[in-house]
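Each chain gets a letter, A, B and C, in the order it is written, and its residues are counted from 1.
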Amino acid sequence: MYVNTVVEIHDLRVEYPSRELRQRSKLAVDGLNLQVQAGEVFGFLGPNGAGKTTTMNVLLGFVGATAGSASIFGVDVRQPIARQRIGYLPELTYYYKFLNTEELLRFYARIFHIPRAERERRIDEVLKLVELEGARKRLIKTYSKGMQQRVGLAQALINDPDLLILDEPTSGLDPLGRMKVRQIIQRLKEQGKTVFFSSHELGEVETVCDRVGILHEGKLRVEGRVIDLLQQYQCNLENVFLNIVGYKP
Amino acid sequence: MIRLIMAFLLVCCLTLATVLDPQFQRLHNREDSSAGILIAVMGDSRRLFAHEFFAMADAYFHSGFYPTIFDSQNARTKSDLKEESHDKTAAGGDREEEHSFLGEPKDWIDRFGRNFYPVTHTHLHGGTEREMLPWLKLSTEMDPHEIDSYLTASYWLRTSLHQPDEAEQFLREGMRANPDSYEILLELGRVYFYSRTNAFVARNIFELASQKWLRLEAKGDKPEPHAYEEILGEMVKTDRAQKDPKQELADLGELLKVAPAKESLKQQMNEARSKLAKQQQK
Amino acid sequence: MYRRKDFYVLFALIILLTVVLGSVNFFNDDRIVRYLKDACLLMIWLSSLVIAVTTTARQIPAERESRTIFPLLAKPVGRGEFVAGKFFGCWLACGMALLAFYFFFGLLSASREHTFPLLAYFQAMWLHWMCLGIVIALVLLGSVVFTAPSSNATICLIVVLGLMFAGGHLNGIALQMRGVRGALVYAIYYLEPHLEWYDVRELIIHNWGLIDWLAWCGATIYALLYTGFLLGCAWLVFRRRTVTL
């Protein structure tokens, strides 16, 4: 069965229990409904603490939903198999420093039970894509921040995923590094991959994304095509964002 | 500037150290010796270690069949490290049937657990007694006043291991640390008498041991009465070896004063008297 | 494993200390060996416990700290598989370390005793490894309960050493007590993992020969069951944990 809806979130509610006694639990996501279709690049926006990372954590099974449901390719996210066809790049991760890139990618590829020949072919392919072929034998601890982020992208792509979840992929990178990551996302889009990513770089989102959703205080305030939003609000995405989160200069 | 200050501070520290160190040494009356280092590092805890190392030697003597601190304290303190009368089986070992501190298994865990540690009472034999010597040596390193360690080590060195030179050397080390010890002298005398068959030197050493014992008694230090009996007994043996019935008679008389209950002594005195009479006739 | 420095440091330390101890002259007798075997085995036990506890205690917290847990759990890996993977990684690494340690021990004792009781050493090493399995599972459980790896490592080391030292004597202590306290101590005695079974140093040092194979199998099964139980507990706790920073 071909599933056109890749990500489906229905009435999602996430509460974090308070660590202090007699304090109320914190509501991170409140009644979120969202759908991401196959082949589109979806930008997930919102100020810090809006609930973006929590939503992604639910999709990846890191956090359980208090209420509601979420599924990927029609499979409940609580099942490990739901993560078979996804790639995930967390924000600023430091990979196993005692491994080199090739060993790291081999380790992740084994989790997906990719056959040996195919595994080696995939490793070559993703290393070429993220331009780390020359450094494949170097220990990861010797890498710069930008290179580490590209290693992250490589590991997210090792299983040739149909859905990529990227949590602020350009955070902390220099302009060159950002451009490279942006180019990779563009290339993946051209390959027909679905990309779901959060970012604070609204200019970047405007250029790369087909659709965006803006989350504020755990609620989805706006969702739609980038072009439609720009036309509706008659301003750039940054102003749309500021308008929605209620910023008054 | 900072480098200059650092250098100045370093020079100050060095100067202070050279001034204070001799005073500190004088204050604590310490010599530059290994014992001094041990005292400085371990303090009085070394005595505890010395005692524990002696217990370790005991455990080795029983090939690991030894009570822990959780077992009966009587079992732990009753050492048979120097006992010569071990039951020997035809199997060549010194095996005795399971007895002792272990008792009957209390539960299945206890019963099952006995597969994983020694449960048979055995004693080292045939030269393997050497295995406990390091612990005895370490025990005296920790506390040079641990006299039992000197005695036990030299006993095995001179008997099973046939190393009287090492036994004597070790006992002389013990003498240096414990100049008033009649026990060490007694053992040293035995090295000369039994291993070197030098009754003359042995007699002198036993004599010295008896003097030390008497001196301690006069001071009111309550030395072990049985030890004096042993010293006199050894003296009698050396007298016999030197064919000196006069001295033998004198020593037997002394022995009779400490052990009046021993009937055999009177018979031995009669024998000595007759030997003396024969000598005088000649 | 082969890139971890702590193993090499401890192995070098064992070799160094054993060589130093072996070079000490006791009464001009170079056939004395048991004290050397004793010291070497003690160091092997301590080193293996330190390696097992510190390595395992760092596993999950380090994954959280470096955030590598996120890309890992974003793969089709269940929480149970994650815990099991961590366990087997540490257990196998400790097994390799034990192999190196016991090989050195075997060479050492053979050099003086001129015998190599391979089966006895195999039994001892195997039981040692089984014991480390229980220890590693316990530390893994601790690392999903306690937040700081240092406190987990300290607590686990104290518990393990306490179990090895006094665990087998709790029945005797319980029998000296009366009423509920005695019953409670006896219950603990039955429930605790009996790690003291796996320490067969006395048998090896004093050449007592082979352990009854049936008892050896029993101890292996007991260790596997206990390890499974502790890993199950670790999985149950970790399954409910949210994986966030």
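Details
Going forward, a contact is a pair of C-beta atoms (placed from the backbone, for glycine too) under 8 Å apart; a residue touches a chain by one contact, two chains touch by 3 or more.
The structure displayed is predicted, hence computed values, not measured ones.
Chain C has the C-alpha centroid lying closest to the overall centroid of all protein C-alpha atoms shown. Across the structure, the highest number of inter-chain C-beta contacts is found for B-C.
Most remote from chain B, judged by the distance between CA-atom centroids, is A. Distance from the chain A centre to the chain B centre is 77 Å, each centre being the mean of its Cα atoms.
Look at where the CA atoms of chain A average out and do the same for chain C: the two points lie 41 Å apart.
Taken in their complex, chain A has these residues touching chain C: 16, 57, 60-64, 80-84, 86-90, 92-98, 108, 111-112, 152, 155-156, 159, 165. By the touch criterion stated above, chain B contacts chain C in their complex at residues 60, 63-64, 68, 70-71, 106-107, 109-110, 112-113, 115-118, 130-131, 133-135, 137, 153, 157, 161, 163, 166, 170.
Those residues of chain C that touch chain B in the complex are listed here as 24, 26-29, 31-35, 127, 166, 168-169, 171-173, 175, 189-190, 194, 196-200, 202-203, 205-206, 208, 211-212, 215-216, 218-219.
Those residues of chain C lying in contact with chain A across their complex are 3-4, 66-68, 70-78, 81, 242-244.
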